Each structure stands twice: as C-alpha cells, then as structure tokens.
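These notes open a run of structures that come right after.
In what follows, subunit A forms one complex with subunit B and a second complex with subunit C.
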Partner chain A sequence: MKNKKFQKILDAILIPVLAILSGLVLMGVLIAITGKPVWESYGVLFSKAFGCEKASNCAIITTLERATPIMLTGLSAVVAFRSGLFSIGQEGQYLMASVVAGWLGYSIHLPNGVHQIVILLACMAVGAAYGFIPGVLKVKLGVNELLSTIVLNSIATLFIEYMVQFPMRADVSTTAHSPIIDVTAQLPTFMAGSKWGVGFVIAVIAVIAVYIYLWRTKSGYEQRMAGQSKRFALYGGVPSDKAAIRAMIISGALAGLAGAVEVMGVHRRIMTGFSTGLGFDGVTAAILGQTHPFGVFIVSILFAGLKLGAQLGLQLKLGIPRELGGTIIGFIILFVAASKFYEGNIDRIRAWFKKPDKQKAKGGGD
Partner chain B sequence: MNKRLLAILAILVVGSLMFTACGSAASTTSEEAASAADEAAPAEEAATEPEFTCALITPNPLGDRSFIDSSARGIEQANAELPVKCDIIETNGVSEHEAALRGAIAEGYDLVLGLAIDAELFASLANEFPEQKFSSPSELFLDELPANLVSYQVTVHESSFLAGLVAGSMSDSKIVGVVNGGDSPAMNQFTYGFKQGVLEVCPDCQVLVSYLGFDFSNPTLGLETALAQYEQGADIVYQVAGRSGEGVLEAAAQVGKYAIGVDSNQDYIQPGSIITSVIKRVDQTTFDSISSVVNGTFEGGQFITKGMKEGFSGLSWDEGSTAFEENGPADMVAKLESTKALVEEYRTKILAGEYSVCDALYPDTPECVAVIGE
Partner chain C sequence: MALALEMKGITKYFSSTDVQANDNVNLTVEAGEVLALVGENGAGKTTLMNILYGLIKPDSGEIIINGEEVQIGHPDDAIKHGIGMVHQHFKLVPSFTVAQNIILGMEPNKAGFLSPKEENKVVKDLADKFNLPVDPKAQIRDLPVGMQQRVEILKVLLREAKILILDEPTAVLTPQEVKELMEVVRDLAKMGYSVIFITHKLIEVMEVADRVSVMRAGKNVGSKKVSDTNIPDLARMMVGREVLLRVKKDTIQRGKPVFEAKDVSVSDVHGLAAISHVSFDVHEGEIVGLAGVSGNGQTELVEVISGMRPLDGGKVFLNDQDITQANVRDRRNAGVAHIPEDRMEVGLNLQTNLDENLIISRYNQSEFSKFGFLLSKSIHRFAETVVNSFSISAAKPGEDISMLSGGNLQKVVVGRELSGNPSFIIANQPTRGLDVGSIEFVHKTLIEERDRGAGVLLVSVELEEIMALADRILVLFRGQIQGELEAKTATEEEVGILMAGGKLSDLVSKQPESGKESK
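Here is the complex of A and B:
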C-alpha cells in the first residue's frame, strides 16, 4: 500500500523532471549553435541561480525572493485549475491588490504589526473580490472564465498605470511611482542587503494551507470533485456553482496575497511598469507543478532561478542573451504539454522491465 | 520498481551528457578562435588592457531603436574609445531591476550605470554600498543624491519646441498630431513643448494629441492611432512612444504623409516620410559617466543637467541628417531652408534666455498655463 503511494508520487514527479531535463538538453544545443562553451554555461547558470559565493550576495537567497510571488500566483492557479476553472486572472488580481497595498501603506498609519496584517487582509479581500467577478459571471451568465479573466487583466493593468500616474503619484519624476509605504507597513527581511523575508514564510504557509484545504477538508474535496466532473459532483450532492465561486474567491485571495507581499516586502511602493507578468508565471508554474501545491513550490523556485541565472550568469559572464532563460522555460512547458509522448514510452519501457521482474519473482518462489 | 525508474533517469542523464559533450566539442574550436583573437589584440598594445570595468542595467530589453538603444551606443562608444570594458545587463521590467543591480555590484564593476531605475531603490543601494560608484544616465528625481551617485538629466522640452516649429511651418493642412506613449508629466514635456512650437509659428493650427495608455511596445497600436490622426486631417505626426512609435513612422509612409521621430535619429527608418527626429543624447550621458570615472573627474552626489545648450538634445539635423532632404518630395524639401532658419532663430533666443518653453514638470509657469490652457 505504502509502496503504491510512493509509486504514485514518483509518477507525478517523473514527467516534470523529464521535461526539465529535456529543456536543459535543448538549451545546451542552442548554446552550442551560438558557439559558446556549453558545459561552462550550465555551471554558470546554476551557480548564479542556486549558488552562494558570498554571504552578502547569495544567489539562492535572491532566487527565493523572486520565487515568492510566483509561488503565490501559482497556488492561486492551482486552486482554480483543480476546481475545473481555467482562470488566468492571477495577473489582474495581483495588480489590484498591489494598488491597495501601495495605497494603504502610506495613507493609513497603524502600529507595527497591526499595519501589515491589515494590509495583507485588505489585499486578500481585494484579490478575492476581483476573482469573484469572473466566478459569478461564469455561474450566472455562463461567461467563459478564460475570456473574462483576460479582459479583467487588461483593466487591472491600465488601472494600476492610471493610479500610479495620477492619484497616487509622488512628487515630480520621469518614471511615475507612488510614495514609499510606512515602515510599519513593510514586511521584515531576514538579512540586510536582501529582500528575502517574511513574504517567503507567508508563501510557504500558503503552500501547506492550500494542500490541507484541497486534500484534507470536505470543502476541498468538493472543489476537486467539481473540477473533475461537474455533473458527477452535482449528482453526488455537491453544489458545484457554489464550489466554482468559492474557488475563484480563494484563487483571487492568493493572487492578492502575492501583490501584497511584492509591494510590502520588495518594492515598498508601486510604479509604472509594475505589471511584469508574474501572474502568468504563476500559471506556468502551476501547469509544470502538476497543479499540486508542492509542485508549485519547487517549480517556482526553479523558474525564478532559471531567470536569474540566465540574466546574471549567462548574460553577464558569457554574453548569452538573457532571453534564453525564458526560452528554456518555454521548452519545458512544451515538453510537459507533450507528456503523452513520455507516458507512452515510459509504459513501454516499464513493460519491458517488468518481464524479467516477474520471472525473477517466479524463480524466487520456486 | 523504482530501480527501473532510476535506470531510466540515469539513461537520460547520460544521454544529456553525451549531447552536451558533442556541443562543447563543437564550441571549443570557436572558443579557441576567440581566444586567439583575444591574444592578438593585447599583443598590439599592452596598455589597452582594460583598467576599468562598468556595467549598464537597462530597464527593459534592448531593441527599442530609441532610448535604451541610445544608451547602449554610449557603452559601445566607451568600449571602443576608452580603456574600459563595459557590459550591458538587460532586464525585463521593474521586478528584475534590484537583482540585476545587486548582481552587478557583486561582480565588482568599477562603475554601475542604471538606466531609468527607481530613484529610491538606486539611492538606497548607493547608501548600502558607499564604495561603489553609481551613475544614472537619465533623470533621477530625488532631493539629494548619495555621495557616490551621479544623475544626468537631459531636458527635452526645448528640442520638442523646435520640432513643433518645424511641424507648424511645414504643415499644409494646419492640423498636426502627437502620438504620446502615456499621459504623464514627464511624457508631456514632449507634448507641451511641441504644441507651443506649433502654435508659435501657426496660431490657427490644430494639435491633435493621442495617448497610448503606457503601451510603449505595441507598434500596431501606434500605427492605428497615427492612421486615425491622418484620417482627421493631420499631415505631420510627432511620435513619442518608444517601440509603439515605430508604428507611427510606418503609418506616415503608408498614407504618404509625414512624421517626426524621437530619442534617436529615426529619419532613416522611413526615408522621405520622417522630416526630422528630436534627439535625446542618452548615449552621450552614458559615455560621459564612464569617461568621468576614467579621467578621475567623477564627483558623486550631484545632478548634471544637460540640454540643447550642451548639444545633448536637439534635432537630427544638428547631426547632419539629410535623409528627408534626399528622399522627401520636392514641395516639402523646398520648405526646409526657411524652416531651418526659423529653428535657428528660436534656438538662439532660447539659449540666450529670451524665450522660455513650457516644461510640463512645472505646469504653473506662465508659458505652460498658456499652452495647457489651449
């Protein structure tokens, strides 16, 4: 029994691992074509992503910091996908919450400890509200959540630009930004010279909370059941409409949390160009992470690392374009999407292995 | 059971090793060639060994044919003319800026240049690393700079005014347009200066202004917006919209009308359709930052404002661009001479302080009230 469970986990991990390996192999091929040293590139990529040369500038610390928002938006996507909703509204929910975090950070003044919690809760509420819109549209009017979230993302992008250019703009500046948030609104960091801090802890807690919710509670079970088969869920007495709206609210709250953490822990303000697609990175992390919270945890760190390694390693040390990091991620996703290819072959190889196994077992019996 | 999986994984790993081994074998030859070239270069002059290194962090990827590329040209120029070795670190938006800056600092560059980086972030890093020299080739809005950070500032409202004079005096339809990336005070420095210039020579001219909602990387949007302005009767459109602005230049060529470029010399992109370009010499501020450190004249903690007077901002004509003269239609080219004379007349006046142009960052000045009120 236990062995079977272990097998199941291994099966779930196998395809992403194969996809990542294939992506990295392809990266080697691409680098070889450009005539740069391939072996060295791998070393540079990984040391600049996950290494730690000096305590003052530790790559892995920066990677963990950059992984934090991807982790949260990834979890947001997991909750939606598991409930059968292909919502890609993470970016919009993330941006809306960022505006609120930036605004509450300087407009209200509360004691340390209270201020942060108020903002975190407010951001989750705003994200949830922005997730509620496509949820209710889907349930009441049958509007496809993919389309409505795309539209809501655009609205949020323009809204944050407007807010930062006009009502929340601080002083004169060429690149518009809001005032710095109060010290009481900032999330503490673990070490000087890095923004890695409490935000990461929040993300880790969220990973565990989402796992417990989806797999260990009744309402989480309803979510997953509604996701796998809406009609069956209805037949089994699960109010699937309610489940869909609940999924969008939770998903929105998680994406909102990502915005709060990014503003309170990293930028300490919002500025023009704040939208850099962290919400979409979350969607890809969820897909590659097999729409599982623990998968998202690992993949978000890997993504952040690949990006950082490509930027500060490949680009700086070897003059290989930064875009290669994104290209590898793209390939990895492609390989995951093509997982059928692996599945077929794995089954065949497994069958081939199984034969001698059985014989051996027989031999043992004799 | 998992033994088998391990076996499969092992095969894959070995396979990937073989793959990469082939790759590296192929690349060694080119590496050798490169190192041979490297050896050849220092052999000529041992003195050219870079005594000095620097890195430029760009706010977005290269390839905007405008602001960022201009700064990159400054780096290339420095690499070619000064005994330095400078690298460019591209980023993709604000979320990557800090990591890139910290990475550059950790690499131990002598000078770290940050283009359009958030001012507070830049200042806090400068305070955290007081031994590191920093420079911002473009504007930083701070009350006070740390002692190891220099900020250059290139003013564009005056050169935009000159472009306005050009448009106002060359327009036949008496309608000219501005396609602006976004409605913000900094972007309006271009718009208001231009508008003031148009109305100065052509008081009954109409200036259409369209904003693109801060979408600086969407040439299709620029094209559509410009086509709409041409449709409304505009015959000259000034683009201030980064990569989106390339669509404006394209639209001018499509309908056989005219455009004015921005930041870099863009006259060559659609020869004969682009009358002139407003130049913002970020390449020069980049180069100056580097050369100041090389010459030992680097002095942190100060703002260095450069404008038309110092030749850091102006029109592409100042650089001897003749793309329009050679490719433009005869009737428009015929107007160039008088237009250029007019431009020079106002340039002298502005430089002498006899005429002031609206700077959108200070909207309460009388010249701005007059323009914005229109």
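Here is the complex of A and C:
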C-alpha cells in the first residue's frame, strides 16, 4: 500500500523534475556559448536564489517573499483547471484586487487588525466577482473562458494604469503611484529589512485549504468530476454548471488574495507598471506543479528563486542578462509540454524500480 | 497446412496493476485459418494481440512468422511482417472520407499534392478485389458502425496484411452486420488469409472459426478444433466451472406500476425526432425488455427516463409521482438506478479511483458527507462492501480503475447501481462486451433485483438476452413501440418481425396486435 502511494508521487514528480534538470543543463550550454564560466554561474544562481549568507541579507527569504503571489495565483489556476476550466484570468483578478487594496489602504481608516482583514476580504470579493463574469458567460452563453479571461485581463491592465495615472495618483512630480497605505493596512513582516511576512503564511494556509477543498469536500468533488468528465457528471446528477461558476469564484478570490498580499505586504501602494505578469506565472506554476496545490507550493518557490538568482546572481555578479532566468523557465515549460520525449525512458526507470517488487509478489505466492 | 504464425512462451507482467496478463502463452495460426480467441474479461486476449501487433513489449517469448523468428517492437514492424489489427475502438478520422482514412499515411503522391481521384480509385479497386463494397467518398461520421469496421478492415488489407487481428469486432454490430462480417471473414480465409477473431459470443465461434483457443488468467488453457467442441464445453473451459448460459427464473406476481411513460416524444442531438408518442409502464417485480435494432431511439429514451435529456412532450411518472421536471439527482434519490450503455464515457470516470466512482450518485447522502465534507472512511467502507458483495476481485478500494478490463468495469457499474435497493432499474445493454461468466452474473443480479420487487427496464439489442430475462417484451422501431408481447408465449420469430418493422398480423399468430398500453 505505502509503496503504491510512493510510486504515485514518484510518477507525478518525475516529469517536472526531468524538465527542470533539462532546463538547467540547457542554461549551462547557453552560458558556455556566451563564454562565461559555467560552473560558477550555477553556483551564483543557486546561492542568490536559495542561499543565506547572513540573516540580514538572506536570499531564500527574498525568494519566499517573491513566491507568495505566484503561489496564490497558481492555486487560483489549479482550482479552475481541476474543474475543467482553462481560465487564465488570474492576472486580471490580481490587478483588480490590487487597485482595491491600494485604494482601501489610504481612503478608509480602521484600527490595526481590522483594517487588514477588511481589505483582504474586499480583495477576495473583487477577485471573485472578476472571476464570476467569465464563469457565468461560460455557463449561460457558452463563451469560451480562455477568450473571455484574456479580454478581461486587458481591461484590468488598462484599468489599473488609469487609476494610478489619474484618480489615485499621489504625486504629480514623480512617476505615477498611489499614496502609501496606512500602517494599519500593511501586513506585518517577520524581520526587519525583508518583506517576507504574513502574506506567505496566508499563501501556505491557502495551499492546504485548496487541497482540502478539492479532495475532501463535496463541492470540490463535484468540481473535479465535472472537470474530468462532463458526461459522467451529468449521468451521476452532479450540478456541473453550479460547480463551474463556483470554481471561477474561488479561483478569482485566490487571485484577488494575491493582489491584496502583494500591495499590503510588499509595495504598500500601486504604481505604473504594476502588472509584471505574476498571474501568468501562476498559470505556469499550476501546469508545472501537476495542477496540485503541493506542486504549486514547490514550483512557485523554484520559479521565484530562478528569477531572483538570475537577477541578483547572473546579472549583477557575472553580467549575464537576467532574462536568462525567464529563458530557463521557458525551456522548462517547453520540456514539460514535450513530456512524450521522456515517456519511453520513464517506463524504463519505472521497470527498474519495480523489479524487486515483482519478485516479492511472486515469492509471496499472490 | 503451413503455420502462418506461432507465438511461443509469451509472458507479460503489468507492474502498475500487479497482473500477470500473459503467462507463458503459446498460440498458433495456420494460413487460411480462422482462429477464435476466447476467454473471460481480463484473461489477457487483448494484451496478447497488442504484443503481436507491437503495441506492448513482452517480458519474454518468441514470435515466429512463416517459420522465421521476428522482432516486433512497433506496429510498423508488425505491418512489415504482414500483421494487421482492427481495434475494438476504431481509430478512424470522422471528418475524413472513407478513401482518405484507408489511404492515410500512404497517399499516392503527385509532386507533393494529394490526388483524391487517384485515392478513390485505389480504394475502389481494393474494395472490389475483396468484395467489400464501400463508397470511397462517404464521410466516416455518416457511416453506420458496421461500415466503419469494413473501412478498418480495408485499411489493414491495403497494407498487405496476411494475418488479421479482429478484437471483439462484433460487440457493437447489429445482427445483420454480424452476419455480413462473418461472410467477409470466411471469404478472407478462403483467399488464404489468417484471421484471429476475439469474441465473447460463443455462437459466433461455432459459426466462423476453424479452431478456438481459450485463455484463462493469462494462460492458454486449450486449443481445439471447433468441430470437436461445443458451447457449454467452451464456456466451462473459459470460466473453469459450469456456467448457466440461460439463467433460471421463476415466475412471480408483478405488483403495482413503478414507472410510467405517457406519450413521450424526444429529439436526438440533431434535433430530429428520435422517439415519438411512446407510452408504456414497468411494474414492481417485472422485467420489461425493450427490444429493437440499435439506433431506433433506445439511447434517447433511456436518457429521458434517467433525466439526462429533456423531452419534447409527454410525461414520466415514478411511483405515481410526476418526475417529468425532476433532474437526475432527484430521480436517483427517488430510487432510479441506471446502467448506461457506454460505461467508459458515461458510466465511469476512468481518471479517478474506485471510491470516487462509486459515490457519484450518492455523495450527498448523510452516510457519505457531513457539513460539506466527504466522509472518506465510510466511502471506503462502502467501496469494500460493493467489491465484496459483487465479487469484483480486480477492483481495489482507493485505487485507480483505468486499467480494469471491460468486464470488471461493468461489474463496478452494476455493483454501484444495484447497491441500495433501487425501486426502478434502467439497464441499457448491460452485458455488452462481457464474458459468459460475467453475463451470468449480471443476469442473475437483475433477476434477484426483480424478485426483491424492483421494476427493471432492460434495453438490449440482443434478442437472446431479452428472451432470457424479460417478463414482457416491447419492441422499439423508428422511435415508436411496434408491438408488445408476453415473454412466456412470444417466439424469437415474432420479436424479429416486429424489430424489422413488420406487424404481427403478417404472421399467423395468437397474439393480439397492440401498440398500446395494456392496463
């Protein structure tokens, strides 16, 4: 029994692990072509991503901070994908919630503790509403959720830019940004000099909550069944339409939470160019993480680390453009997509793992 | 005659399911011979053929073709050595024409351009040569299943196969199509081709094959000349015990009506009338057999009764309650069970485990969920109960079902649907693709349910199944009830005439002709 479980986990992580290794090897090749020292690059990349030289300047802490919004948008994508909805609306939901967080942070004044909770809830509500739209369009009118979320993403990108440039603009002399939010609206951090804080805890709680929701609750079960087989769900009497809309609402709320955490914990305002594609990183993390909350947890940290390592390590130390980080991630995705490439070999690896098992089964006489 | 094929000591173990699918199997086929391959669900027939066709690598064993040992690692190798396979689930492109499908991958090349004319001609010549008429220009999706199968066979013949593997070719065919296929197979054998014919219907073995090999639990337990054996003998070899080919059934007093359809009309997916003005009822303690050639509205009627499809007119009642507007869940809660005709796509979700498949229509019950949370322990216990009481030995609670054989999958569906004492059971083709032992099991279970007092609507295109189980027979023809017969006095001939759209008055008969409801 235990062995089977282990086997399943092994199966699930085999492809991502192989993809990541292939991506890293390819990175070495690229660096070698540019004539930079390959081994040193790896070292720098890892130490700047996951190392910790001294407590005040700890790379892994920054990585965890950067992973937080990716984790949440990743979970958002997991909830949608598991329900058979290819929604990539995370970016839009995230941006809409960010506007609300930025605005409520300075426009209302509430005691510490209350203020934050109000903003968190408001952001989830806004994200949920922004997810509800494509959900209802899909169920009632059959509008493809991929297309509608793309459109809604563009609207949100323009909307946040408008809000920053005009109604919420704080200071006309510098680049456009909104006022700094009240201290009561900020999420506490764990240590001075870093922005790693309560937001990360929220994300970890969300990872566990999404897992429990999808696999332990009735509603999650309905969503997965409807997502895996429409005909089966219809046959069994699962209310698929309700499940789809619910999935979009939850997905939106999670992406909204990402916006709240990013504004309240990291930037403490919104500014021009706020959209850096964290929503799309979430989609990628979900796919690479086998559309599983725990997978998303690991992959988002890995992604954040790669980006950070590329930026601080490769670029600053070795003068290798940090875009290489993005390139590696791109390669990794490509390798996952081309997972057929590994399949033959995987079978061989599996057979190798299984050999002793078979002998056991035979020896045990059934 | 010369041996066309010899398989020696083929062994295959599947680690993921812990199954010894093939265990030192030997098999021979002569040139010009039809070899029937029979065996219980999960006996390893498909695995053996997949090995021969290069889809699965055996752990050990040799394949010898025309006296020479060959290595087959890929279907391309198999084709090269003259082996062709028609899978149970056809692999045609629905939007392509017959010719495009047959030629696919070996198009006659005119400087890089396709030449439909040329293609059609090649296919036409091929069809003539083998006396298998097809319309090269017809689109696959417009063709009946029997015709699609013919296309698959032609496809294999074009690739110059000398040994044809047909995996359960008759499972989805109408009786007429089966007859035609048998002739095709016999003709091919006469031309010197070898055919390996997998089937669960022993009567087909007797009709079409020269020799038969029986598999059980991964082993070849015997090969015999068809002339030296008979159906009960084969059934015993397959299952390893005596099998009732026709289950025993006592006559019992039927009770009050449990289900009633009144003037029901339904359209099919294209919006055309599939069922028009159909009325009938099913009583407690009664099996009503709905006979008919497939495609006469059975699918739509069953979907309406189960609540999966809205109806155009009429009403349906369950225990005197109007359930016309009730959704699937309400109907199920009210005691409707439904064994669908398509277990792979409709009846089961192959992407998830046994437990989650078993609760699809009951996860809302307080036994399986509380405060919105699933009670995994009691779900697991339920899975164990179902597995034990329906002896689905291959299925294990908590584990995936995607690798179960057809018969075991059907047992999962039957076990789920018949647990919890339903009052009305819709059984649509409940034994399609099952081996004789499993058929016996399903038939026995349905009769037990009837004896318990459930009403059963048995929809089947198998006349024999209807004759064996039904207390009352309705015949569906072109969306209407062509006639009703008491099973005790009905003859196969009478049902056959009604199925073909004839009237009983065409036959000298004591049965009153009736398309109406007998109250």
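Keep this in mind: the second predicted complex is superposed on the first by the 347 of 366 C-alpha atoms of A that agree within 3 Å, B and C clash if a C-alpha of one lies under 4 Å from a C-alpha of the other, contacts with A are read in each partner's own complex, and residues count from 1 in each chain.
Rule of thumb we're sticking to: a contact is a pair of C-beta atoms (placed from the backbone, for glycine too) under 8 Å apart; a residue touches a chain by one contact, two chains touch by 3 or more.
Predicted model, so just to flag it, every value in this text is computed and none were measured.
Novice: Considering only touches as defined above, state whether A:225 meets subunit B (first), subunit C (second), both or neither.
Specialist: second
Novice: Is A:54 touching the first partner subunit B, the second partner subunit C, both, or neither of them?
Specialist: In the superposition, A:54 contacts subunit B only.
Novice: Using the touch criterion from the header, give the chain among subunit B and subunit C with more contacted residues in subunit A.
Specialist: B
Novice: In the superposed arrangement, does A:144 touch subunit B (first), subunit C (second), both or neither?
Specialist: neither
Novice: Which holds for A:107: it touches subunit B only (first), subunit C only (second), both, or neither?
Specialist: Neither partner.
Novice: Applying the touch criterion given at the start, work out whether A:217 contacts subunit B, subunit C, both or neither, answering first, second, both or neither.
Specialist: The second partner, subunit C, only.
Novice: Please indicate which partner A:24 is in contact with in the superposed arrangement: first for subunit B, second for subunit C, both, or neither.
Specialist: first
Novice: Where on subunit A do the contacts with subunit B and the contacts with subunit C coincide?
Specialist: Touching subunit B and subunit C on subunit A: residues 350.
Novice: Spell out the residues on subunit B that touch subunit A in their complex, using ranges where they run on.
Specialist: Residues in contact with subunit A: 1-2, 4-5, 7-9, 12-13, 15-16, 19-24, 26-28, 30-31, 55, 59-61, 87, 89-96, 98-100, 102-107, 116, 118-121, 128, 138-139, 141, 182-186, 213-214, 361.
Novice: What residues on subunit A touch subunit C, complex-wise?
Specialist: Residue list for subunit A touching subunit C: 4, 216-219, 221-222, 224-225, 228-229, 231-239, 350-351, 354, 357-358, 361.
Novice: What part of subunit C is in contact with subunit A in the complex they form?
Specialist: 13, 15, 18, 306-308, 327-332, 338, 340, 342, 345-349, 351-352, 356, 359-361, 363-364, 369, 372-374, 376, 399
Novice: Which of the residues in subunit A end up touching subunit B in this complex?
Specialist: Contact set of subunit A toward subunit B: 3, 6-7, 10, 14, 17-18, 21, 24-25, 28-29, 31-32, 35-39, 42, 48, 53-54, 56-57, 62, 65-66, 69, 158, 161, 165, 171-177, 180, 192-193, 195, 262, 266-269, 271-278, 307-308, 311-312, 315-316, 321-323, 346, 349-350, 353.
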